[in-house]
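Naming follows writing order (A, B, C and D), and every chain is counted from residue 1.
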């Protein structure tokens, strides 16, 4: 099973990279840094798409959470695999990012609630009285 | 204290005293003016009188020395604005200093004199107006700025006062702000001159960058040091043109002259002060002050005819002189005629400077200040009497207003160039030098007919000037009254208005007293050496030029006298009832109708600006209609603003500009569909989208540079 | 997992001496950190005092907050600037940081006073407002001194979160709520993108220290594949990371491409908060960006950096930003919106400081510091007038300013001063500020500060900026025109509080002082350096 | 240490703030008002105050054990209880049993872990496998519980998710070769697949569920990367906190089961999708083929592809880092949280306009 997954993945990576780097070769049968980076890139893109296409404020906030998570995953993965780094550095950064994201989400929801009380809607499209 | 100020060895203290007088007047007037007796009009007037006294004293010091005085400077605030890492080679330190030399003294005298007379005149003319006190405060501030401009030893400070002058003109032109036209004129004047100021600022920047200093002495020194040689000579030309662009705006030269006629919306004393004698000559002063710089490194070897910039100046100046004179032919508003005549005469001054004779240019500035102020104040007196600006409402007024009429006649004769009046001398000096220039350059290696052009325009304009001035005089003061009612109500003005007229008339005659001596002194300068210090090596060329001028002098006098007489006769024929062609000007006009119409429309220049802008705008609209709103908005706004820049005529603009835009946008919207939303739509997700696209574009742009440039 | 063996080994690894050194360093850092600690104490103090004080007194907590700023400002006198930074390289302890610390603390004072005189907050409990405002100032200070990705991000978020609250402070106000919503969403997206960019940098350097950005290196052995597009894919990664981080800070600076929030948020926020956003928040963004760019190597270029055209990018952005701001401002009839676009334009001017970062003459830090000071004076001044008039008229429409010159002579006279300063007409601060920026750029062009071949770019930049000041004159003068040259039927004079008058006059005086005393002020910014 | 004192001071001030406000409200509006304010504040994000306190506690304990105090399971229990308290409070008012289940599972993790690590079941699992097992079990169980509440595609998706999680759990429980890779791919499928489902869901509650699954996937990633504390924090803060918050937001602002207006208008949607896909492609392109650093290659070469590196507990290291290198961010974040909390409670407070009517604030403008 892992073989098929791995083959798929490496084929994808190979297509993108046109030539695999030593790191990728060494990790051909295991999981390496790039695997995590690809996941984080995909999730980042998903987050952006959600932010752009969904109208509900709450959905947009979910997209933002995904963006922050993908950044966090990057930090942790780099911290584990990169040269000369203490793995804890990246973890701590991610830890703080999580906390900050929580604070931001709480505030954003409070603001959404506030605007709901004004215009009876949390759809972003309904809030466009300021323009020009 | 007086001995400190009035010390012939050190004139800088006196110059500072002159500067501070109107400032003190302004400060007191602006805060307490309304509570003072007579709304405090005597205060700025008195201050100006003190300033005038000191300036007169300085003038006598100057006149009593045979070869002029040595330049003196005084650093009032050293290192006032400094930059760079503490005195490294490229650091820049700017001092506020006072520079007094021959040129400064002449300017101080002119400014204080005209300013004082205008103050005095305003006491009568503006009597009973609303905001009387504020008017005097502005006059004081204006005089202060103009004086500051003249005594700064530093280009940056000159620029600051220059801007202050522009600001004051904004206030004074818009003084009757109840009138929409006055508002527009004020904005138009400010914006048009600012357009030139962009060039000025760029010029200053370049100079600062290359010379590392903005002191005049330092700048000229850098020229001598070879800082501007080689590759830098291109920058020298650029800086020179930048400065000239500033002068172009301020001195209302083609094609930035459009603001000056409109600026006649201000009260008449303001017109006299700002638009005849002081503000507009700031540009002339700038060119004279920076003359060695504009002439380029050749200045120090005597080869200063070869400077590119100077030649452009001469061309633009002479063309403006001719161009404005043609328009003055057909104007019917008495102040508009004078306004175009001012533009024309300023063109003369630039012609003089451009052909390498600072003295001749400044000489004309000097004499022009008197007779033009006289003409303006005289016209003000007339307007005061008949309550109209149109010449169609005047005629035969000399009998009702003898003082005004005769003084106006003197002014007319002076500007028309009757021999031995002040205007004649200065105009001869300029034309002589223009001829010498043409002679010198036209036969040179790269000589061409272009070098004769300034002279040709100059001599042509001389005749035209005489004609339109006589037209003005005859239609206003001679013949039969055209508007009997206005005529019956007309009366001579109070003494506060006629006394300045008489003083200016005497000065315009240029035959007696200080003015006479000054005129002779100037003539002496013109034929021997320059107002600005000249380099040793330049003597030879100077001699050559002055010989040419001298040889040509009598021929030129004869020719211009002939033109004068011809113009007088022609004007007599057309505008005096006994004349053979009286009343037939309309017929002549219709015979020459294309020319006449285009003249009436100011050579279509204002319209051209509007048309140009609208045409380009329309094309852009069609093209941009299919782009994103980013571009459309940008262009629309930009061209909209350019429209307003140039026309300022809100009525025309609203119809063709704004409405046209709206219509155009409406049509494009129909065609282009919903893509043409406004950029700032209020929809947050569109913002996010746009940001992402812009960032992506940025990335692409970097990649392009990355691949192409690196 | 938590067995005793592991614990024992952990205890063995514990090095008492090392720990002692660290402890010493932290103690030292705290002593250099007193003004921030004082600020935190005042944040808590304000919040607590609000609970015990009755409602009608809570407005006067402004004075307490003001006291906090002054106290923090005076307690910051830590002798000597160390190069090693504070808290183990979390913060820089250099003159740049010190300058901005004082700048923000000083800049908070007008904000507090503006909030105090504004009547928009009447009948509201103000403790939270001032507490959050002080926290925002703390965030700004940290932004100017952060040298670690985490600290940098956190400081930015602290300022952002506090700003969101301030923008939405008037509850149930539809415009305020909408502004806050737009701000929070847009800001969160920008911050998240920036976090991703930072993570890429972290991956490239293996360090979260700003100083280590210089170490971005790529072994080019494996890069042969990419000749068809770029020299290395790694360089592309650097570019992407750079753009992503820039998006985060550009949002704070309100420059392109992240300026979209600014007009709407400025419009909807309470006016004192708008003033705060346009000066303090922007300045913090600029300080952070300058420090970030300063960390990118220019001399002795690391292989990855020599090819990155970030100076050209900044020049283009600067030109586009200022032009966009000015052109958009031309047609505004709402004064707050106009000032918002004008603020975008000024951000464009300020970006000129980035391109002269390493000049030998006027350095970017110096020119930016001075420009921000002048901008503080003139922009707060303009906003003060807007607030005082809004108090009476309840409107920020330009049409309502007609004939205001007679109704409120002092305010309008000062407003003209501020407007002229914003244009950059001497003798006002705006001229001196612009002068230094322009001069710096020309100077750099002369000295080829960033390598030959850029001179033309620099001249283009200066030229565009000069043209832009010309354009901006139109809409600024339009305000002056409405106030003085247009008459209105309303003639009665406006009643303005004495404090308001004093504030406006003081800022006008400052506007002049920064022109005439430019030399003295610049002495303080002259030796501003990064460590 | 001075910082502990400072921290303690700030926590004390925080409590003082809350307490005083409560007392004030109680005096003006009676105990009901106070209670309402309290629950409302809890809903609105006051629970965030718990996070620094939690970290503090964890670190205190970590440092204590460094100097020889053995606490073990007791400590974990303590923490779990402490964390669960606000969660349960919220649960009760919301009666979201499903979430309670999930979080309950997350909370017993600590206890279970201690037990199993001491060979209670006679299994000797390596750390990573053990952790992965727990996460997968949690996901699978919760999905199955929730599945009953939804219909349509959401139900199918949840089924797939549960299946995946079950497979993951099986992989981690039975020793499969290349254990790490298998776990990774399953987790990746969960994380990314759930992300896609957020994008295409038409009901806001479904989106919240998918977000939960996606974030759980991230927690699993963290565990795989050897960051155990981080993984737990992810579960506690995100799943326990932020998600609950989201659901409250949903409940307060709209009817839960009404399908959303599908998406934004086309003029946003099309360019948005284009740029989104472009950016994703670019980032994947960069991630997939970059020679990020030398160490990655070396590490894997040394350890070997199939060898799972024994994960060390990170709590000690983190605790030490918090108290030394990262002391400043640690202190600053408490200010940040305080500000966010004060702001959130202020802004989301009830309909009353002036602050004089604090007593009426408790109603919270809620359903």
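The criterion applied here is as follows: contacts are C-beta pairs under 8 Å (C-beta built on N, C-alpha and C of every residue); 3 or more make two chains touch, one makes a residue touch a chain.
Worth saying up front: this structure is predicted, and the values here are computed from it rather than measured.
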Chain closest to the assembly centre - both centres taken as Cα means: C
Determine the centre-to-centre distance between chain B and chain C, using the mean Cα coordinates as centres, and give it in whole Å. 43
Please tell me the distance, in whole Å, between the geometric centres of chain C and chain D computed from their C-alpha atoms. 33
Chain A and chain D, separation of their C-alpha mean positions in angstrom: 15
Roughly how far is chain A from chain C, going centre to centre by Cα mean, in whole Å? 28
Multi-chain touching residues of chain B, meaning two or more other chains, are 680, 682-685, 688-689, 692
Quick one: which residues in chain A touch 2 or more of the other chains? 17-19, 21-22, 37, 44, 47-48, 51-53, 55, 60-61, 72, 78, 82-84, 92, 96, 100, 103-104, 107, 111-112, 114, 117, 124-125, 127-132
Chain D touches at least 2 other chains through residues 264, 268, 272, 275-276, 279, 283, 285-286, 289-295, 326, 329, 333, 336, 340, 343, 347, 351
Is the chain-to-chain touch network here best called a line, a ring, a star, complete, or other? complete
Complex contact set, residues of chain D against chain B: 264, 267-268, 271-272, 275-276, 278-279
Note which residues of chain B are touching chain D in the complex, please. 674-675, 677, 683, 685-686, 689, 692-693, 696
For the complex, which residues does chain D have touching chain C? 2-3, 10, 13, 16-17, 20-21, 24, 65-68, 70, 72, 113-114, 117, 127, 282-283, 285-286, 289-295, 312-313, 316, 324-329, 332-333, 335-336, 338-340, 342-343, 346-347, 349, 351, 353-356
In the complex of these two chains, what residues of chain D are touching chain A? 44-45, 48, 51, 176-178, 180-182, 184-185, 188, 191-192, 195-196, 198-199, 204, 207-208, 211, 214-215, 218, 221-222, 224-227, 229-230, 233-234, 237-238, 241-242, 245-246, 248-250, 252-254, 260-261, 263-265, 268-269, 272-273, 275-277, 279-281, 283-297, 299-301, 305-306, 314, 317-318, 321-322, 326, 329, 333, 336-337, 340-341, 343-345, 347-348, 351, 365
Sites on chain B touched by chain A in the complex: 678, 680-685, 688-689, 692
